[in-house]
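Next, two complexes with chain A in common: one pairs it with chain B, the other with chain C.
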Partner chain A sequence: MTDPIVRPPKKDPQKVTRPPELPPLQRSRAALAMSAAASRGAFELQCCKACGAWMYPARDACPRCLSVDLAWKPAPDGGEVIAETTIRTTVDLYFRQRTPWRVAMVRLDCGPSVVCHLHGDVEVPGRVRMTAQLDKGGNAVIMALPAKRTPNMADDPEFRELTASPKHRRVLVTDGRTAVGQAVVEALVNAGAALVFVGIAEPWKPYPGEDRLKAHENVQTFALDLTDTTSVQDLAGEIGGKTDILINTADHVRPGGILSAPGMITAKDSFDVNVFGLQRLAQAFGPGMVGRGADGTNSAAAFLDVLPVYALANTPDFGIHSATAAARLSMLQCLRSEMRAGGVRVMSVFTGPIEDDWRQPVPPPKVAPAQIARAVIAALEGGIEDSFVGDVAKDVATRFRQDAKVLERELGA
Partner chain B sequence: MTRIRTIPRRPYENVAVAVPVSIPYVRYSVESAHWWIARALGELTKRAGLAPADIDGLSVSSFTLSPDTAVGLTQHLGLSPRWLDNIPMGGASGVVALRRAARAVEAGDATIVACVGGDANQVDSFRKLLSSFSRFAQDASYPYGYGGPNGSFALLTDHYMRHFGARREDFGKICVDQRTNALGYPHAIMKKPLTMEDYLGARAIADPIHLFDCVMPCAGSEAFLVTTLDIARDLGLPHARLAATIERHNAFADDPIQMRGGWAMDVDELYAMAGMAPDDIDLVETYDDYPVIVMMQFEDLGFCKKGEGPDFVRSHSFTNDGSFPQNTSGGQLSAGQAGAGGGYLGLVEALRQVTQTALSKQVPDARTALVSGFGMINYDRGLCSGAAILEGVAP
Partner chain C sequence: MRETTTMNGDALLLALAAGIRGGGVRVVDLTHTLAPDFPVMVLPPEFGQCQPFRMEEVSRYDARGPGWYWNTITMSEHAGTHFDAPAHWISGRNLPAGTVDDLPLDRLVAPVVVLDYSAESAADEDFLLTRAHLEAWEAENGEIEPGSWVLFRTDWSKHLGSDKYLNLRADGAHSPGPAADAVEFLVKDRDIIGFGTETIGTDAGQGTHLEPPYPAHFILHGNGRYGLQCLAGLDQLPARGAILFAAPLKIRHGSGSPLRVLALVPASDDA
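Right after this comes the complex of A and B.
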């Protein structure tokens, strides 16, 4: 079993913060496809369409039949670990900070041999379950996990590098007035977050769920107005140095498209919260998080945005809202690249229509706040960059990957 | 599909190897690969009594010539060869260079081929070399702890130990005996004796690899000359006859982890071509970037069966006056690894031994030597292997 990690003591301000080095970043273009799969939590390998051979590392041609017709497919994740080592000396700065580092050679059931990270609970030789995870540089790496769950297995130091687990971390949830925000707070407390900071716009106005929110001893509420740059900066001044995970649950949603909802006021309000609000948060909290990307057990780990799946393609009934989501997604892509310097993950939890007052005319299935909260925790604990919560979001994502233009026609029909 | 009949190999009938050159290694040097290679070629021509213009064939192996290749080197050094080769095969470079040069000489494509391997080693150049070594290493090995070759060989060693019952003491014996040999070789980087206690007590680098299982990267160069037997004789050069060679790449790709090298595919041909058996070999120069691969070579080159490596080690001594003289100048483990020069070290040393011109302790009555090369951990295993048998020609 893995020794459980303990909540770190208060930081000595005299001590140097460990600089956020990154693991080796360079990959071939072919290898990036594994990262794309891992960003969705999938373990995919290349398979030859001509002869059916599985292969690894990523190739441009099949080593059995020389076909160049290769496909990335979900691969069988079982294997046998046949050798191990513990690396104690390396010239790489990232791994130098983290040695000893356990590495294995695993023979996959589907054929190829894989050099991979090795979970501390795996006995050699023995069966393992393989997972592809994004490392702090945003690239997929393969890790061998025990075939059966072991106690505290998520606390393994190598595995924790590949996730953004909220355990012992301090988390800001940006909108505590909504059912989604409150469900996320509840789930974080249950997942072992050390502290949850909750932003409340116009805190003098009462809101449903307020008493329950404030009853948690690890929850602290703060005034936060995402449309007010000063408000966001003030909060960052107060808690930015100890915000390990930031979860943006704010979403200004109004029905209507460009012609069906004439005028600019509502659109401006939506963009101000959904797009510029995100930008204000990133600008106020991002630099501090980047600097603390390797700061021990409660290092800064993730900037997570809960956003509508219509970021991928516009649904004209909520056309302006979809446009804000698309802009928001683009912002996240930019931020992901910029936060990489600190090894801080930028994650997206895409949702289908949420069960709330504004979307009463939208037909089911709709997503319950607790479902979103579970997806947020799963994304953090699994290190998953893009997750899709609810049947509608999963459906839209599948269609998007098949053909974005067809999806546009279907949603606009 | 049509089954292709393999063309039988022609024996080497008139190939001489001569003028073993070793430019003494240094741990770190500000000099470039061009400088190290120039020194080796300068020494080679001087000792052969030739002018640089007499070199009409050139074979170069180096990791640190970039952005140049052998081509740029011709202009840089003022050479005008009519046959030019650039061999990027690391530890197999010496044997492969010899193979190609031998055929060039036999065919008349060149008369005097200078084969040279060498590398610079500036502070931090090893780290830079690793970072651009291969696409598979970049994609699938460095992101896992970045152990470099130590990490890869740690996995192979761990597996070999589990599978065949080798112990650290067995690897230690190889290292300790090679150190003894190095103490007699003036150019060896390692000058202090190594005891089994030192070996076993050394710090771990990547378990089960410990400090004395690893070579020391350094700067240096090695060279030799390939020509015909009659020209070598006319020049008055002590020389060896090339008896046989083999070469193989990416052998046994289906083995889940490397347990054998390409030698195992071709070793019968090696001895058949030479008209010799393992017992006829007086000394062996294995490629020793790590002792586990030395043990594999004992097996794959026919000195014992697969899996009997540990017992073979326990029943032999590997010093120059031992029962199985091996890596007689200390090997890379004790002489140092000068990049691609490491792929030449054993060949150059063997040439000195069989021509009775050893700088290290002379192996008594050494006449035949087997030299082995191994190189290029592209991902998880060494891909290139080769071997050659040299026979000293009495003056």
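Right after this comes the complex of A and C.
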């Protein structure tokens, strides 16, 4: 059984912060599909359409029948450990900082034998459940987990490298005025976050849930207005050096399209919060987080954005809002690449229409704030880059992958 | 003594009010209209740029606000007729009271001297005002009193609307401005409050090639003095005897601001 990790001691100011090295980054183009699946939390392998053989690592042709007609699809995740070893020294800079490191050879139930990371609770020989996770360089790696859950399983040091668990970490939630923000704060407290910093724009305006939010022992509220660069910089100056996870729950939503909502002001307001607000947060907090990507148990781990699934395709009844979401998604893609230098994950939690005042006319199903909060925690604890909350978001994501143009037609009908 | 001063103040202001209301004192506007098509300073594209004035309607008695009309405006601190505070330039970055929110109020209302070099500027678009010009001007008009604003009349404001206003060519802008020795003289020997121009900046169009580069900005702001630019209507001011009102917006840590510049001018006989 894994020993539970303890809350780390306060930082020794005389010690150099461990620089964030990355695990090996190179992958073939074929192998990127495995990372794409892992980014959504799926364990996928290539399967030969001609002879049905599963294969690993990624191939350009089937090793059994030489067919090039290969498809990535969800693979059976059971297997048997047939060998293990523990690496105690290496010239690789990333793993050097993290030895001893347990690795195994696992024979998958579907055929191939794979070399993979091995969870500390797995007994050898024994049954395992395979998972594909993104490592700190953003690439899929396979880890063998115990077939059945074990106590403190998430605290295994190898597994923690592959997630952004909020346990013992200090988290900033950028908008505590909304039900979504407050639900996320509550979920973080329950998930073992050491501290939750909560941004409140225009704190002189009262808001529902204020008393309950401030009653939490590990919650601290701060003035934070994403439309004001100075405000964002001021907060980063105060807590930027100890923000391990940043969760952006801010979203300026108003109904209307380009022709149906006249004028520029509402659109500017939406872009200022949803797009430039994200940029201000990233510019103020990002460099510090990148520098602390390997800073021990509570290293900087993730920058997570909760955004509308209409980032993928425009829904004209909220046309401007969708446009801000698309711009926001593009920003996140840029930021993901830039934050990779520190091994800090950039995560997106895409939501369907939220149950709130602005979306009264939107027909159900709508997403409740608590659902979003659960998805945020699941994304952090599972190291999942793209998650989709609610039936609408899942459906839009599926159809987006099938044919983005068909999706556009359906949403715009 | 105190009472006398108060009475003097009362009498002065009463006389001024009477002058403005009944003739004798004319209020002159030295400001261009802030509009989106008003040109701004052109810098190499790799530098941050001066954002021109922009206006977006918030509502106009319509669904966005049934009973009211208002706009949101955005602009650079240095758009339109505007004021430069000492902190605008690197030479003034460590001075106290260097930003627009922290200026001594008595410097914002002060006598103004107008130097008319419109003929020279018409003849030479790169006309440089030198110390020699100033000494010659003083020989004719008397010394510039300490604590004055000095405005440099070129009639360049009349070029607004034509390419000549910026006068931009492949080798940069061409417009008149002061030489370093003139600014040194005004600041060190005449203790002026600030220097104002009708052109897009207080420096000549080719000011970057002078020594020091941008001498008006460098010397004025390095000595805690102010700049006014994009002024209009200087041809309505006498060489001396007018009072200038130039109060920038009170922007926290602001480096400058657009403003309404007014002058109180002794009315001419035909007014």
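Basically, the second predicted complex is superposed on the first by the 413 of 413 C-alpha atoms of A that agree within 3 Å, B and C clash if a C-alpha of one lies under 4 Å from a C-alpha of the other, contacts with A are read in each partner's own complex, and residues count from 1 in each chain.
Basically, a residue touches a chain if its C-beta (ideal position, glycine included) is under 8 Å from a C-beta of that chain, and two chains touch if they have at least 3 such contacts.
Keep in mind that this is a model prediction, so the values were computed, not measured.
Per the definitions stated earlier, placing chain B and chain C onto a shared chain A by superposition produces no clash, and the two fit side by side.
Once the two structures are overlaid, the count of chain A residues touched is higher for B than for its counterpart among chain B and chain C.
Of the two partner chains placed around the shared chain by superposition, neither chain B nor chain C is touched by A:P9. In the superposed model, A:P206 lies in contact with neither chain B nor chain C. In the superposition on chain A, A:D92 makes contact with chain B only, while chain C stays out of contact range. Computed from Cα centres after superposition, the angle at chain A between chain B and chain C reads 120 degrees (steps of 10).
In the superposition on chain A, A:P363 makes contact with neither chain B nor chain C. By the touch criterion defined above, A:G263 reaches chain C but does not reach chain B.
Once you line the two complexes up on chain A, you'll see the smallest CA to CA distance from chain B to chain C is 39 Å. On the chain A side of its complex with chain C, the touching residues are 262-265, 268. Only residues 126-127, 130-131, 135-136, 138-148, 150-152, 154-156, 158-159, 162, 203-209, 253, 256-257, 379-380 of chain B touch chain A when the two sit together in their complex. Partner chain A is touched in their complex by these residues of chain C: 56-59, 62-64, 72. For chain A in complex with chain B, the residues that touch the partner chain are 23-24, 26-28, 30-31, 56-58, 63, 82-92, 94-95, 99, 101, 103-105, 107, 113-117, 125, 135, 139, 141.
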